[in-house]
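Below: a set of structures, written as structure tokens.
Same chain, two partners: chain A is paired with chain B first, then with chain C.
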Partner chain A sequence: MKIAIPHIHYLAIAPVLILFGAALVLLFATALVRTKVSQRIATLVTVTASAAVLVVTYFQWRCIDQVGATTTIAHAIVLDGFSVVATGVIAASLLMASLVAHDWAVRERIAGVEYQILALASTAGAVLMTQANDLVVIFLGLEILSIGLYVLVAFDRQRATSAEAALKYFLLGGFASAIFIYGAALVYGATGSTNLSSISYFLGSNVLLRPGLLYAGGALLLVGFAFKVAAVPFHLWSPDVYEGAPTPVTGFMASVVKVGAFAALVRVLISSLGTQMDTWRPILWVLIVLTTLVGASLALVQRNAKRMLAYSSINHAGFMLVGVWAGTVRGIAGTLFYIVTYAPTVVATFAIVTLMGGLGDENHSIDSYRGLARRQPWLGASLGVLLLSQLGAPLTTGFYAKYAVLASALDSGGAPVALIALLSAAIAAFFYLRWTMALYAEDTIEATRVVVPASTGVAIGLGVAMTLVFGVWPGPLAALAQHATVLFTP
Partner chain B sequence: MHSSLWLTALLVVPLAGALVAMLVRDREGRAYLVAVVTASVEMVLALFVAVLYNDHIAKAQTFDFATRHVLAAPFGLAYDVALDGISLLMVVLTAIVVLLALLGARDRRREPAFVSWLLILTSMTMGSFIAHDLLLFFIFFELTLVPCYFIISQWGGAERGKAALKFFIYTFTASAFLLIGILYLGFLHQHQTGGALSFAYGALSTTSMTHSTAIWLFVAFAIAFGAKAPIWPLHTWSPLTYAEAPTAGSIELSALLAKLGSYGLLRFAVGLLPLALPDMRPVVMTLAVIGILYGSALACVALDLKRFVAYSSLAQMGFITLGVMAGSKIATVGAVLLMFNHGIITIGFFLIIGYIETRRGSIQIRDFNGLQGPAPVMAALFTLVMLASIGLPGLSGFVSEYLILIGTFATHAWWGVFGAFGVVAAALYLLWAYQRVFHGRAVGANATMTDVTSKERWALVPVVVLIVALGVFPKPVLDRISPSVQQLIEHVAPSGVSK
Partner chain C sequence: MNVPAAWYLILAAVLFGVGAYGLLTRRSALIMFMCIELMLNAVNLTFVTFSRTLGDIGGQASVFFVMVVAAAEVTVGLGIVVAVFRRRSSTSVDELSELKG
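For the complex of A and B:
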């Protein structure tokens, strides 16, 4: 018996190889090198790997430009504009997050370099999710992503809440993975394939007389994703985990994980179940309304910065779903634009929260931000800009992100859902502004100046620069998102 | 057609000034100087534009200084500016407001930041008035919130935090409807033409739509502009905000930003959605009349001077809304003129109230009595501004209110009749407030209050000059507004309804 080895397009899987390779290099180095591998070297490896991935995405983009999008490894992996841009965002987020984590590890006197190893491995999983063209590969990516993350969330051994959050995340995450794989099995049963394009082809050329199995499978897949992106009512883990996890990990989760999960969600719903749009759109509609409104409303009552940002990120997830709901090329571009702009903003925000957390990562009350902008104008103004961007104020990327998804919704006849989402942004404005107001409050509490270490400063600077530059001139990013099409659209 | 660089300069100069003012924080008063110079340059630029604006083009096309550059094609985002007679007047008002706010309501607390925010606000307001593209207008319209928010929340009164939040959330929520409306209109236009997504004013004005679509869009627009103006019953943010804002902030809000609401209503709601007008006219005009009467009634019983002006502004904005919606050329011209005149009059009110506040640390009406004894010049200036607001012939308020009322009466008689009660009511509440504050025998702190200084007088000179000049000789201004209003009205009612 001869085993046919499928053709492998190495450029397509280069990002995964680089990230996972870097993780392995670090892992072996810690085991084999006699002296301790320093944080500095680990961070350097991570930054180099992410930069290398960014370079690779450039060549991938050129390759797609010249010979078009393609699939590889028996159609399990797809190389298209969408995956390339999503990969680029993930790499950039990892780069920024690892810079933040470096200073955090130094501050907390963490000896090992496991953080960077796990982050690299998790990121490889996220990248795999953006490229997956098969339910099983998506599941693989999801697990690679999640398992590293479970450990990362528990990374702060000084705090019990960290372990608690990890356990919660692990239990619920495991449950969600099970639901996802069960959904994949049901879809396989209904269509005879796990390959997204085959599923789409099957559904396009056959009429299911008894679609119950497919619907059940699709619904379970949606639940699995809704858990990962923290859509209401599957969001209950997110505030606790965001609060309990070490702050740099929270920033990592809010960016890298979200990008990976959303990329896979878009592929499953559009590429494979695009023909069933009329069935899943109403469900998504309800999810969006719940996610945006509940996320914004519950954030109002939080006094803890990390919890508040957790609910705010739930609200943002609702906005990203709006583009998916639209289901058009414009909608996908809108969601992608949202992800591209949200990721750097949120990493930079959590970078500042990490700094403010102080030794022990405990000091996260909103009150501790009072007068920050008076004491340290640059740091305060940076946080102000990042918050205003998440609020959706013009001249920041946040405005165009909301604009892009809402425009796509209106293009597909979704004025009500767009209006509801936008009104939730008005609710959300309340707590962003309250926080901003605290930054500029006069009655400064007795507080020492926060030292901004160099690499965290670079990460914050990158995030703020992205927010402002593309906020004033969104043209290039908008064009990029528009050209980053998904290969298989119905 | 003149170069659009003039308009770009109007946008950029305040921003550059704000940047410089932020950077020169080394010595006391330097930032203020930078700001005053910037505002003066802006004023000169605005006057230059006003002189250049050629109303002879009016015959064919009233928009001047136009340009359009697409910035982000997928978003339909473009830098698209142009100016007609209506926006010209608002541009000049913007320049006047910031200059007088700086000269008359100086705030020395953390001055570089304060003047920077004022200049940024000026640039954003300029942008809103010269934008000739709905999306660009919306961006500037939203952006005005940010400087306002910081000005109120950092330099305001005791309840500044609450006031700033209320103001921001209120307007932000209302403008959500505007954004959805704009997007809907843009896509409607794109689906009809099949071209690229565009929000250009000229292009969108040719969009054909069903009657019910027009109604929905009008309601969405009217909510946003009605909250900004404010139109009853969307005014509830304004008394607290006007009262808590620093004097310069109150001036900017009521003299200028309120006009964004009425300007938007005229330009975008009325100008783009003529189909909705037959049904929406009675509704909005009724709200306007209620606003006039309600504002007048509350101005009678207001306890402090800033709330007093806030309620009287509600009444005045009711007049403007009445004129904007009446659909006759005379009323619309009057409304545009009143936007300007009310701006000038409000500057006068808030400057004088600011002077009283710095002297006495209070704006409660019951704290004052007989101020005209110790401060006769202040009383005289207040009287002039007050009489203009009442609508005394020979002063600016009269011309605009008169035009609005006769125009409204011609098309919608009963609304004109009830609106006219507002003029009587204005005389009532203004004179009564004047009596309580300035008449009588001054005792205690009232007796020792100093009169306006020469510096303060100079800040009020332009107000007085404009009030008298536009009351006696409004023709140059009317000549510039009329062709633009004519064009707008003709577009809205092609069958020649205009009178």
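For the complex of A and C:
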């Protein structure tokens, strides 16, 4: 018997290969090298790998320009503008997050390079999710991403909360994955394929007499995704896990996981279930309303910076869903722009929270931020800019991102949903402003200056620079998001 | 004797339901963990049944992926359970109360 090997387009899968290869290189180095591999080398490998992925995305983009979007490996992997931009953001987030994690590991005296190995492997899973064109491949990417993260969340052996958060994340994450793959199985039964484009083709050319199976499957897929992006009412794990995880890991989660999960969500809803838009839009509508409002309101009452940012990130997930709800090319571009700008902002925010946490990573009360900008003007101003960007203030990326998704919703006749999202932004403005004001308030407590190590400083600088540069001048990035279309839009 | 495919699907749905119910009601981390495995195996049964009715090999191939993922989850999950157990000498999730709000 002859087994036909499908054609492999190596440029398309190069990012996954680089990230996973780098993880393997580090893993073998720790096993084979007689002396300990130092943190510095591990970070260097991670940074080099993510920079290499960024270079590869440039060539992928040129390839798409020349020959158009393609699929490879028996149509399971797709190379289109959307996947390239999402891959680029993930690589940039990994780069920044690994710089932050380096200083954190030095501060907490963590020997061993497992952190960087797991982060690289997880990122490979996230990249796979952005490129997956098959429900089973999405599931694989999701699990590669999650399994590494479960360990990363439990990484801090000093605090009991770290392992506790990991157990919670693991049980609920496993639950969500099981729901997702059951949904995939039901969709497979209804349409005869797990391939997204085949599903789309089947639904476009057939009328389902009994669509119950497809609806049940689609609903389960949506629940699985809602868990992963922490949409209300499936958000309960997120504040606990954000608080319990080591702070650099929280930053990594808030960026990389969101990008990966949203990329896959867009692909499933738009490119394979796009013909069923009238069915899933009302469900998404309810999710958006709950997610934006609950996220913003519960953030108001938090006294812990990490929990507050967790609820704020739930609120942002609601905004990202607005673009998906619109379902148009403009809506997808809006969501993509939102993700692209939110990821670096949130990594840099958590970088500052990591520094403020101090040795032991325990000190996360909002009160400890009082007067930060008076003691350390640069650090305080950076945090101020990042918070204002998440608020959606003009001249920061957050403003144009919110504008893009809301305008696309208005285009598709979604005035109510846009208004509700805007209302939630107004509620959210309250706690972002309160925090920013606290930064500039009179210094009442005797606080020590926070040391900003070089590589964390670089990560914060990158985040703030992106927030301001593309906030003042969003044109190029918005054009990029517009051109990064999803293959197979029905 | 020929059992209709629908029965297998119903069995799988019931297994999945039992798993989901157990996960939401039981308080021992290990049993909750077994419930996830039960759910994943219900998915496998569904895949195989559909693979048979559709006459398509893809469903059977998917089962292998699910099995591999389940095995990987077991290793990491048990590791986390052990890490928590070392600190608390209990695997009950009710005692995980440090994170609240």
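One rule holds for everything that comes next: the second predicted complex is superposed on the first by the 488 of 490 C-alpha atoms of A that agree within 3 Å, B and C clash if a C-alpha of one lies under 4 Å from a C-alpha of the other, contacts with A are read in each partner's own complex, and residues count from 1 in each chain.
Criterion: contacts are C-beta pairs under 8 Å (C-beta built on N, C-alpha and C of every residue); 3 or more make two chains touch, one makes a residue touch a chain.
The structure displayed is predicted, hence computed values, not measured ones.
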item	value
Contacts of A:366 with chain B and chain C, given as first, second, both or neither	neither
First, second, both or neither for A:434, with chain B first and chain C second	first
Partner chain(s) touched by A:333 [first = chain B, second = chain C, both, neither]	first
First (chain B), second (chain C), both or neither touched by A:208	neither
First (chain B), second (chain C), both or neither touched by A:194	second
First (chain B), second (chain C), both or neither touched by A:403	first
Intersection of chain A interface sets (partners chain B, chain C)	none
Residues of chain A defined as touching chain B within the complex	330, 333, 388, 393-395, 399-400, 403-404, 406-407, 410-411, 415, 418-419, 422-423, 425-426, 429-430, 433-434, 437, 440, 473-475, 478-479, 481-482
In the complex, chain A residues that touch chain C	136, 139-140, 143, 147, 150-151, 154, 157, 160-161, 163-168, 170-171, 174-175, 177-179, 181-182, 184-186, 188-189, 192-194, 239-240, 243-244, 302, 304, 307
Residues of chain C defined as touching chain A within the complex	9, 16, 19-20, 23, 29, 32-33, 36, 39-40, 42-43, 46-47, 49-50, 53-54, 56, 58-59, 61-62, 65-66, 69, 72-73, 76-77, 79-81, 83-84, 87-88, 93, 96, 98-101
Complex interface listing, chain B residues touching chain A	71-77, 139-140, 142-143, 145-146, 149-150, 153-154, 161, 164-165, 168-169, 172-173, 176-177, 179-180, 183-184, 186-187, 197
